[in-house]
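Next come two complexes, and both contain chain A; in the first it sits with chain B, in the second with chain C.
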Partner chain A sequence: MARGGATRARDRFYALCVAPSLAVLAVITLAPAIYLLVTSFTPLDLTRPETAWNFARPFENYRQMPADSRLMNSLWVQAKLSFWTVTLQLLIGFGFALLLNMRSRFLEALRTVFLIPMVLPPIVVAIIWKVLYTPDISPLHWGTTLLGFTVPALITHPDWALTAIIIADTWQWFPFTMLMTLAALQMMPQEMVDAAKVDGASAWQMTWHVTLPFLKGVLLVAGLFRLIDSIKAFPLIFILTEGGPGSVTEVTNYYSFLQAFNFSFLGYSSAITVVMLAATVLMSWAIIRLVGWGQHGD
Partner chain B sequence: MATNTALARERRFIQILAVVLAALVMAPFLWLLQMSFKTNAQVFQFPPPLIFTPTLENYEALWTSGFRQSFVNSLVVAGAATIAPMLLGVPAAYALSRWQARIAGTFSLWILVSRMAPPIAFTIPYFLAYRHLELLDTRTGLVIIYMTFNLSLVIWMMRPFFDQLPRALEEAAWIDGATTAQGFFRIILPLSAPGLAATAILCFLFAWNDFFFALILTRTEAMTAPVAVVNFMNYEGWEWGRIAAGGTMVMLPVLLFSLLVRKYLVHGLTGGAVKG
Partner chain C sequence: MSEPRTGRRHLLLGASALGLGALAAPPVLGQARPFAGQTLNGAAFQSTFFEYLRAFFPEFEERTGAKLNFNTQAFPVYNQRTDLELSTRGSALDVINVTFIYSGRWIGAGWLTNLSEFVNDRNRTDPAWDAADFVSGAQSAMQDARGNTYGFAWEAGAMLMAASRADLIDQAGKAMPTTFDELIAACDAVQGKENMSAFVADQLHHWNWIPYLMGHGGKVFRDPPGNLTPELATPQAIRAAGWYAELLSKYGPSGVLSFSDDQAMRTQIAGRANFRTQAITWLVPLAKHADSTVKNTVRYALMPAGPQGNFPGSNSHGLGIPVGSRRKELAWEFIKWALSKEMLNRIVETRGYPSVCRRSVITGEAFKQAMTLNGQDVASLYLQVLELGGRSGYMKYRTVPVFPQVGDTINRGIARIATRQQDAQASMRQAQQDAIQVLQRAGVTLDAN
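Let's look at the complex of A and B:
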């Protein structure tokens, strides 16, 4: 009986530890999420107060979405941005990780340098690339002129603006996939490497048949994380192009921001955001399934 | 012997290649840094002067403007948005690590989603609510919204740390008559000091780096440093030297801190999905 009492006291202590966090999280994340969902059923427009809490046609916002060509365009821009940034970040991150995965004090010290883009405040990354993409003050433009090319100002050129964003985003985030790959490479069992060497595998065969299959899971998770993050891309677009020229760099997140805080259509913007949030939940769920995170003893 | 020299040559080649790539990756960042020490005329000068007398005038101009207030706001808000989630989240992480309850599993999706959700998903409801609660343009308002991601961060960073500490530690203390609370405060917490430090630093960085929430929820009084730099770009013309100086000041604390927690960076960004 005494043992049972101790267990109960322990359970009480644990409950006491979890309860405040649970309560606070519920208030600050769950309640707003519900509020967002409710708002998405109203035609809320801040310039017309009577539109608040008006549930006459709850699904009107959702019905409008497929017919909104600007929204559809933003989804396409988003798809292009996500595809290219995730692909490039995985390729470059993987390549650099293979290169840096050598037992060498010098290379280990050098790895820190590669982390810098990722830890910089996003706004600073945006300023850096604004400078590099502004012809008057850009060493890139000066360099290409010396070589005899004239490169247009990328961020104001309809054909190049999205590419400019992709380059900047890739620079910022390839260290993330690199770090994840490096961490996994260091857990690769030495016997696997040795066995392949004994069998006379070339470096190329080793990468393709041994390393890559071993890293499959990590690369998938890293890609998913980057994919979710690419939906949130904001500072780069806000500073570099403001969605333009025209709407060639206007991703869904940015369009939703414009609807809410420039046009003050908060109801419609909420509906778009609910869809984005649902996509996030789905992908987060996939991550949890993949890594088995949340189970005990993982 | 022949293979040894070939190996050494390959090694040297890889190291040189790595240095070249590192220089390339660093170049954009270094360019901003050197710009902050130039006068506006020098910024437009090409070919760029290799040797120039660095000037601090950009920093001085910045410090005597409204930027100083924004910098202080950033410090205060990020500090509070570190302490509050740590106080709430650390005990919760411990309980979730030790408690054999179903609650732990269902918790993880919720926590991951509140970390990964697009900021606008929280911004819209907070913006609407803050208009009535009079929390727009206040530091308190910012701290509360930063809790949405920092409290989740603390819980998912600290839980794996606690998982690694053997249960035998507390069990020995319990046998000696310690309560669960004593076991936690006297045995477990001191042992997890490195994890606590890393988590606190990451909380600070995430709050410090935020741009979107502060852009929408603040106007003048509570404006943070990143928003101030951007306003500067939009309203005071293209004073590139000063913009560079502002950017440098925003990134300085970040660079210092993140080098300290290098080891835990991946862990913090992926919620322990990968143990780096």
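Let's look at the complex of A and C:
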């Protein structure tokens, strides 16, 4: 009885300790999300104040979405961008982690060098690539011209503009997956490696049957982080292409930004953002269900 | 000798006289440094005008006692930030640039202070400041339908044509083009000569393309500002879009579709591109910029005319006061000071600023001297364009509140054609459809057909 009372008192104490943090979290996370949701049910247009709390047709923004060809195109662009950036970052990050998973001073120094793109401010990364992709000032274009062939201006070429963004994003973020994979590799039990060797596993078999299953959980987490981040892609697109040429690189996030801050359609932009948020949550949940979570230790 | 007696009655009489005097005199003029301790927050987009004006800021601070905190940003960044700030009716800014394409939107939404009240109050404005001296064409974008003024223009952009290497045109046996056909013929003649592209433009097609659209007989809106039904898929618009996209893709330098204003200007200054049609502000540096390699070969002309006439773009940017500002009196002092005849004349004389909007300055000797470029009288070309735009009112399309949205669809439509993603017809039909969607979302009533 006395023990039960002590437990309850302890729980109350813990709850009291956590309450301020939860309250702050609610204010800074939940309140804006609720406001976003509420706004999405209005035609809020900053140039027309009377639209602010107009709930006469609450689902009008959502009704308009399927007929908005630019929005539909932006979803497809988003899917391509996310697929290629996440895939490339996982593959390159995993590959580099395997190569760098050795004890050597040189490799340790190299690891630090590889981390530089990831710690640069996104806007700096965007400017670096803007310089590289602009023909009249680019060392890349200067070099290829010296070699006798001409590379088109990638960011204004409809076949290359999205690829240019994918290359820049992959360059910036593959160190993240490399870092996470490398950390997991260094915690891999030596017995597993030794047992595989005793069984006569080749290097390829070792990677496929031992290392990859062990890293599955880490790769999933890294992939999820990168997927969510790819949906938030903004600085590279803003600086390099502004969504163009035409709408070739206009992802949903950027389109939503244009609607809100260039055109003042905050209601419509909120509705797009709500759908994006719901899609991201659903997609993350589906991936976790599909691939499994925390199975790597088994 | 007896000392004059200073009794209570004398003191009261003196104090009353002082009080009455203070009431009768203009309140601002009655103080030596009336704004001491205040800070004026201003913002505008980057321009040579504010670069030049900044050098004189200490004089304003000395005269008023106020501190100036004036920031400039890149054009799109400035517009986005200010649009958002104005929409909240915030007090972070006291004086702002009233951007041409946003002027209708900002004035219509009631986000700017009515400056007519300041001008008409002689306690606030000395009639000698002469508000009527501003060129009416430049001021039209700063006024509402009732004639109230919400900004005073510091820049009038008049679109001209400049050839950075006119010597190459001469060598090819061509003259400066006066029609669209002649422009294409001249581009053909000089393309690739001395590794130069024949033509360059920046990526703001909704500014650069419109004179070509109108020259082909097209329009952006059916009858602005009353009828904003878009007209982007008419045969004339499709023909003009295809023509202009070809001009860019065939004669423009690699990557021209991503060029900013400054980048296009530097391409000309470096002698890597020949023709450009753009506002005078971006063309004068070809003759004056320290880095220019084409000072002795540049030549200016009016925009070439299309089959349906000549419609060079003209615009203006002004200084205004946000409705939420808490320092409106100080902001007005700043506007009066920055745009006074004296200050504008000083900027023209010392820096050769080419885009002033006061008639008395434009017709003055200093301006004519400053605008004689490579031996050519560019001042008269500038006035011709301003008069063209003011007379027929063809620039009305640009100051409607929804132009930013429609302008974006135009930019993307032209880019799609120039990059061969779609032909002119398909692309402009899509632009028309996109424009209808955004206009309906903005609550604009459109014609049924």
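In the analysis below, the second predicted complex is superposed on the first by the 262 of 298 C-alpha atoms of A that agree within 3 Å, B and C clash if a C-alpha of one lies under 4 Å from a C-alpha of the other, contacts with A are read in each partner's own complex, and residues count from 1 in each chain.
What we mean here is this: a contact is a pair of C-beta atoms (placed from the backbone, for glycine too) under 8 Å apart; a residue touches a chain by one contact, two chains touch by 3 or more.
Being a predicted model, the structure only gives us computed values, none of them experimental.
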Partner chain in contact with A:I165 - chain B first, chain C second, else both or neither: neither
First (chain B), second (chain C), both or neither touched by A:P245: second
Contacts of A:L227 with chain B and chain C, given as first, second, both or neither: neither
Partner chain(s) touched by A:D68 [first = chain B, second = chain C, both, neither]: second
Greater residue coverage of chain A in the superposed arrangement, chain B or chain C: B
First, second, both or neither for A:P122, with chain B first and chain C second: first
First, second, both or neither for A:F261, with chain B first and chain C second: both
Chain B versus chain C as contact partner of A:A97, first or second or both or neither: neither
Which of chain B and chain C A:I237 touches, first, second, both or neither: neither
Partner chain in contact with A:A153 - chain B first, chain C second, else both or neither: second
Common interface positions of chain A, toward chain B and toward chain C: 136, 261
Chain A-facing residues of chain B, complex: 11, 14-15, 17-19, 21-22, 25-26, 28-29, 31-32, 35, 43-44, 46-48, 88-89, 91-92, 94-96, 98-101, 103-105, 107-114, 116-129, 144-145, 147-148, 151-152, 155, 163, 174, 179-181, 184, 205, 208-209, 211-212, 215-216, 226, 229-230, 233, 240, 243-244, 247, 250-251, 254-255, 258-259, 262, 265-266, 269-276
Chain C - residues contacting chain A, complex: 80, 83-84, 87, 105, 108-109, 203, 253-258, 263, 267, 272, 401, 404-405, 408, 411-413, 415-416, 418-422, 427, 430, 433-434, 437-438, 441-443
Chain B-touching residues of chain A, taken from the complex the two chains share: 6, 9-11, 13-18, 20-22, 24-25, 28-33, 35-36, 39, 96, 99-100, 102, 104, 106-107, 110, 112-124, 127-132, 136-137, 139, 142, 171, 176, 179-180, 182-184, 218, 221-222, 225, 228-229, 231-232, 234-235, 238-239, 253, 256-257, 260-261, 266, 269-270, 273-274, 276-277, 280-281, 283-285, 287-288, 291, 293-297
Interfacial residue positions of chain A with respect to chain C in the complex: 43, 45-49, 51, 64, 67-70, 133-136, 141, 150, 152-153, 155-158, 241-248, 258, 261-265, 268
